[in-house]
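Pasting a structure here, questions to come.
For clarity, chains are labelled A, B, C, D, E and F in written order, and residue numbers in each chain start from 1.
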Amino acid sequence: MKTGMKIAGLSALIAGTALPLMAQEAAAEAAPAVNNAFIFNTLLFLIGGFLVFWMAAGFAMLEAGLVRSKNVTMQLTKNIALFAIAAIMYWLVGYNLMYPGDGWSMAGILGAFSIASIQGDPAIEAGYATGSDFFFQLMFCATTASIVSGTLAERIKLWPFLIFTVVLTGFLYPIEASWQWGGGWLSEAGFSDFAGSTLVHATGGFAALAGAIILGPRLGKFSKDGRVNPMPGSNLALATLGTFILWLGWFGFNGASQLALGTEADANAVAIIFANTNMAAAAGAIAAMLLTQALYKKVDLTMLLNGALAGLVAITAGPLDPSLFGALWIGAIGGIIAVVVVPMLDKMKIDDVVGAIPVHLVAGFWGTMAVPFYTEGASFGTQLLGFVAIGIFMLVASSVVWFILKATMGLRPSEEDEVLGLDKAELGLEAYPEFKA
Amino acid sequence: MRRAGSARETVVKLIIAAIKPFKLEEVREALTTLGVRGMMVTEIKGFGSQSGHTEIYRGAEYAVNFVPKMRLEIVVTDALAEAAVETIAATAKTGKIGDGKIFVLDVAQALRVRTGEINDDAL
Amino acid sequence: MKTGMKIAGLSALIAGTALPLMAQEAAAEAAPAVNNAFIFNTLLFLIGGFLVFWMAAGFAMLEAGLVRSKNVTMQLTKNIALFAIAAIMYWLVGYNLMYPGDGWSMAGILGAFSIASIQGDPAIEAGYATGSDFFFQLMFCATTASIVSGTLAERIKLWPFLIFTVVLTGFLYPIEASWQWGGGWLSEAGFSDFAGSTLVHATGGFAALAGAIILGPRLGKFSKDGRVNPMPGSNLALATLGTFILWLGWFGFNGASQLALGTEADANAVAIIFANTNMAAAAGAIAAMLLTQALYKKVDLTMLLNGALAGLVAITAGPLDPSLFGALWIGAIGGIIAVVVVPMLDKMKIDDVVGAIPVHLVAGFWGTMAVPFYTEGASFGTQLLGFVAIGIFMLVASSVVWFILKATMGLRPSEEDEVLGLDKAELGLEAYPEFKA
Amino acid sequence: MKTGMKIAGLSALIAGTALPLMAQEAAAEAAPAVNNAFIFNTLLFLIGGFLVFWMAAGFAMLEAGLVRSKNVTMQLTKNIALFAIAAIMYWLVGYNLMYPGDGWSMAGILGAFSIASIQGDPAIEAGYATGSDFFFQLMFCATTASIVSGTLAERIKLWPFLIFTVVLTGFLYPIEASWQWGGGWLSEAGFSDFAGSTLVHATGGFAALAGAIILGPRLGKFSKDGRVNPMPGSNLALATLGTFILWLGWFGFNGASQLALGTEADANAVAIIFANTNMAAAAGAIAAMLLTQALYKKVDLTMLLNGALAGLVAITAGPLDPSLFGALWIGAIGGIIAVVVVPMLDKMKIDDVVGAIPVHLVAGFWGTMAVPFYTEGASFGTQLLGFVAIGIFMLVASSVVWFILKATMGLRPSEEDEVLGLDKAELGLEAYPEFKA
Amino acid sequence: MRRAGSARETVVKLIIAAIKPFKLEEVREALTTLGVRGMMVTEIKGFGSQSGHTEIYRGAEYAVNFVPKMRLEIVVTDALAEAAVETIAATAKTGKIGDGKIFVLDVAQALRVRTGEINDDAL
Amino acid sequence: MRRAGSARETVVKLIIAAIKPFKLEEVREALTTLGVRGMMVTEIKGFGSQSGHTEIYRGAEYAVNFVPKMRLEIVVTDALAEAAVETIAATAKTGKIGDGKIFVLDVAQALRVRTGEINDDAL
């Protein structure tokens, strides 16, 4: 490493613009100067990538905090396993299915089937290192899967959930994302979704919605008499930590989606995105806080957390163009959506343990539709088209997968196991074995 | 060791009391002054007339049927029993609903593990 | 995003310094080369900014871990809400009040009243993207507010606390900070506070101190007979996590306060700051550990955590100029201060739940006074002047606000509510509902 | 800070490549243009450094989650204290002992004895800021110590452990690491260990192994009849959080070990390392998950966490050269090693509380031996030589230290104290005082 | 206040029941309908015939000797005792091993702290 | 079902014991060997002569009045009672202060929920 360093030092020097002496030789050999933009762009992907990676931990903590203690080990297991699965499936199939370049299997609709490769010399003309792009894009794929685990918590067996994750991260997400980010038909149509309110968040939300309906609610969640029985989360400190983690990761999620840092304009854009993203989250949190106080005469922390996340999801479709004030009201409406939609789902007897559907699907819809307010060229019609198209695809496709899993291996544990808790019943391992739950 | 007594011979009393948690320290001090030298304390969920207020979580109402209480078990000599009961009653009382209950049972035998002393000497 | 990428790739290329062919044209068109310093500076602000953002999570975890479990939900709620409020108030008033440029309302004393705006083309001559500066500065404002919540924990109602936060983040902090960082009278006077031992930490500490005195201690904290009754924190794992988070965030707090990364000298400075910051924290932790062992015959983890933070606060006023050894002894004295002052406050019947006053106010004073040891041009007199001036302003101003809130809506919950815990009494939501507390 | 900004802005401008006008003057004065590589390299060290710092928190959470609640405060205390000690010892002795340059005390074997200094003007020719290198290298030293604390948890007294840490971070690690990264005899011999599968992880593992044998198992861990008595971790949410933190930090650990970011080739290399590191972790996790399912008919989350970490350790010796597929199978074997070796150690009556020996020592061996599969010039023989040499040195040296400590102050608390738990017995402070354990 | 009774005069009964946790709500509702107005609930570790299944942790097998149970304490009037016992038995029953036990003890005295009422009036 | 017995007919015994937590496993094994087939275990805070040592937190001293104990409840037949008490006393004993106490009460009736068996058959 240190020895390596010496070399590095040299190469750095050579790369560095010339000291008087070397200058001529350099010129003589016409040594191509370093393309700093290539380095900046790559760096943006890597920083953005590790920030979005961190969101996987955020989802894990948020969900572990919002489930009952008897299902915490299972929720943690699902979250770390789904990330690992995404990392492998996206390499095996997803990446080239999503970014086929000119290798479409069906033009604009179905990408290429081949394994991702990142080795080899840097492709300067691409403007960034392939590996950094793969690393960054992979994190988005994993995020989509993280959304699903929360909604279905406490009542789906481990393996069917993981198998669904395989399909989602290997095929469903890459296909619908290719339509836009892969340069497919949606991008041709002029759809606009900067960092994925629809392509990532609503997509995960649709998969979760299909699952929640097919899976059914947790035992005892809804009484025959229609009463809703809350099942409070077991650890709100974890849930809050998870939200802070997601908020932090979102700077990478939206900021690095600028995809370039090599010019003053790009740097300026990334800066604006960071500031707008933060503002939308803050506004979502405040809106949710005020609304719960108004509706229930008390602040509900879990709603406040959902509100911040809904604000983030809402700004994700267009974090660059709005003013800070724009980010504020777009985010605030996101927060209001979270507070309003959570009980609506309960009325519809759809059991969404962590509120992922209001936050990612509904606020994602809002964010997508809000783009035209600030982004030139975007039209409400096209935005709606894109959202609906992806919605139908995801609902149908994931329903098929869920039904097959239900028919073959079954989705739910036995009633007794569910009552006992998945930790003891399926994993034989409690998350807090010493604490009386 | 003496034969564990039949119900007929009552040697000492077991006082079981459910009180409001924040009263625990006060009650403990009062009992100590009275001469009680030990007790067992358990955190319990209490159900009673106080129970049943409703809370809201994520927009849904639900009834809270159990309220946290402290359960005290104190074994005392027959002689001390009455005073102990009165002391607990006096100290734990706030006059508000949920103050709790006191129950007195007969103990057939008491034993101190460390010394093997029994009954009155065990306390 | 991918489509965007293609363009980015191009722009990157053009931006990239010339390949033989393009060179002349470039020169011909006199295409202005990219100002890499602008990008580096902006990147420094963004990285520093997200690291300082992370500190908000650190305060939340530290405080949630040091309060009793019956007040954890409230502490979490306050911490996330105060950050959201800071984000909005700093935009609405704070930023231009703190950085009026030439728009002072009262020269050097009171800045400009206008809403912050970050849109538009990059102002190359500024050397950094406006949005990145706003993003970074905002985090400092939020940090100041985070300090207050810990001291007043477990006995102040939610809304009066949040209203105070509105005033603190919108007005009090921006005004006093403008005196120095806005180029106001203190900076003219030659005061030196690199990253804010006084401007951020002591300022938060003064607001907390005023609040603690006016609010009074927690019920049962001090017995009539003058005995101090410890109320151990409910979750030291969270408290330790919070401290690690703060330690990490501090690299951004101090490092990015160099405000520039565009030259070798700046890069070198940022590197020195990182190393010194780490050393001061380590020394503070070790000093506190050894001192508690000496005083109490056992190590007190909570003091060790306070010690590390006090070391960080102490180096914050001058993290660049000291040698590593300088950082060590400055930080170590910070750690000693924490251990010594915590019980002193108890004797004064001032109830500081997490030790924020020793850590941020007293160690902040120490750090401010230590600057002249290594920084040329700094004088003890001016340092004292600055600290006292800001101290008086903050004590008076926040006392006024606290008194108004006390007189109007009241600061404290009923005795019964305080005994029951704010989580159940005010929020109707327990942080750990399943665990027997 | 803001005032500073103005200057920074200027310097930035001057630094920035020339605007038409200034150009000639600049040329005239032959003003040396900014060496961007120097800034990029320094930035890589700083980002990598704070990511590896974060790993200290990861170890703390992982270990706090895997010990029983009665020893959590102690585990947290050890983890934060050991980092602080490493920070000071590495400055006092370690850095120059590890990187003597030409100042070897014994050529290639024993480095220089002098205190590290990072002040002064940037040494452009070095290619990076000294402070950034010190900061980054220090974190590796601390990591080595973090590995030891987990294995010996729940039964070693605080002070002997900390004194061992002083020796480990000040002498043992720097000496063995100097052999390779300091340009010592191992690097001459052609040993290849990119980021430290052997130099950091196995080294920590050897120190832990020696300690575990000399210290003996926890009371009741192994019954006379040879039965193994599991002692489940008290908080798997923390353990999972810790694993996510380590995974995140590892991007800095491996990525910044490229030691340079100043050229497209370096940027490309760092990107590949990030992607490979992530793949190895994912593969390790999946392999461990599948294997526990196969062996025990249920997934063991703690094994899954160990598997991810073992995958990371395995790829650390050579994260650059393998393809993604290479990273996959190298990481997967790491995960399998974790699952297989954990019970093996139990059979050998070696009590490794968190599985650090399988993860860091055994998977570290595997990773070291796997290098030649993808790295030209590396030979299995030399790899084995390096591993064995360092293994012998570490085993002998740390055994000596452990024995001296045992003979002088004693390593273990009294049986009664161990049963009561170190938190109450030695620190008089419970981590979760309100929760019934 | 009346003298704490001797063992001879039995006034009210203490019913102690160990049941499966998920049956708690059902049992509580059944008892309320029956007219029981309060109880104390404790989370306990139960040991019995149900105990003793083995788990695997990090590759090592171990026996789980204790299963979580809910322990109910209900003090009722002599008159209500039998019905209460039957209600609990009926509601808590799943027919599977581990359903639990019910024990009935005599209480010498009961007192309501808030009002000082005793025995039947205290419940 | 048989009428819940009056105080006069004592059928089985309830043994309540407070012991040091780390003795639980040992005591459980000893009782099992003796033929005891079940028990209820509760984690409690114990107050007694052992209590009252002081701790320091953030520089302030405070007295720790409660020490964690395990509370065992074992219902046994009259015949087994004495042996059970002796076994617990013998096994839980360390000779150091805080070893705990054992109390024996009369049980009017015992019932096994699963089968409806009562008294001796219920244990």
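By our rule, a contact is a pair of C-beta atoms (placed from the backbone, for glycine too) under 8 Å apart; a residue touches a chain by one contact, two chains touch by 3 or more.
Note that the coordinates shown come from a computational prediction; the quantities given were computed from them, not determined experimentally.
Under the touch definition stated at the top, subunit C and subunit F share these contacting partners: B, D. Across A-E and A-B, it is A-B that has more C-beta pairs touching.
Copies subunit C and subunit D of the same chain sequence form an interface built mainly from non-equivalent positions, shared numbers / all numbers used being under half.
Looking across A-E, B-C or A-B, the pair that copies the C-F interface, with over half of its contact pairs the same by residue number, is A-B.
Subunit B and subunit E have CA centres that are 16 Å apart.
Annotation: 29 Å between the Cα-based centres of subunit A and subunit D. Chain centres here are Cα averages; for subunit D and subunit F they lie 49 Å apart. Chain geometry summary: the mean Cα position of subunit D and that of subunit E are 53 Å apart.
Contact of a single residue of subunit E with at least two other chains is seen at positions 7, 42-43, 55-57, 105-106. The set of subunit A residues that touch two or more partner chains comprises 34-36, 38, 43, 47, 124, 232, 235, 241, 298, 300, 302, 428-429, 432, 435-437.
Contact annotation for chain pairs lists A-B, A-C, A-D, A-E, B-C, B-E, B-F, C-D, C-F, D-E, D-F, E-F, with touch applied as defined. On the subunit E side of its complex with subunit A, the touching residues are 22, 43, 55-57, 68. Of all residues in subunit E, those touching subunit D in their complex are 55-62.
Residues 419-420, 428-429, 436-437 of subunit D are the ones touching subunit F in the complex. Subunit A makes touch with subunit D in their complex at residues 1-6, 8-13, 15-20, 34-36, 38-39, 42-43, 45-47, 49-50, 53-54, 56-57, 60-61, 64-65, 72-73, 76-77, 79-81, 83-85, 87-88, 91, 115-119, 121-122, 124, 129-132, 134-135, 138, 158, 235, 238, 241, 426-436.
Residues of subunit A touching subunit C in their complex: 30, 32-38, 40-41, 43, 47, 51, 68-69, 99, 124-128, 133, 180-183, 187, 194-196, 232-237, 240-241, 243-245, 247-248, 251, 255, 257-268, 270-272, 274-275, 278-279, 281-283, 285-286, 289, 298-302, 304-305, 308, 323-325, 328, 432, 435-437.
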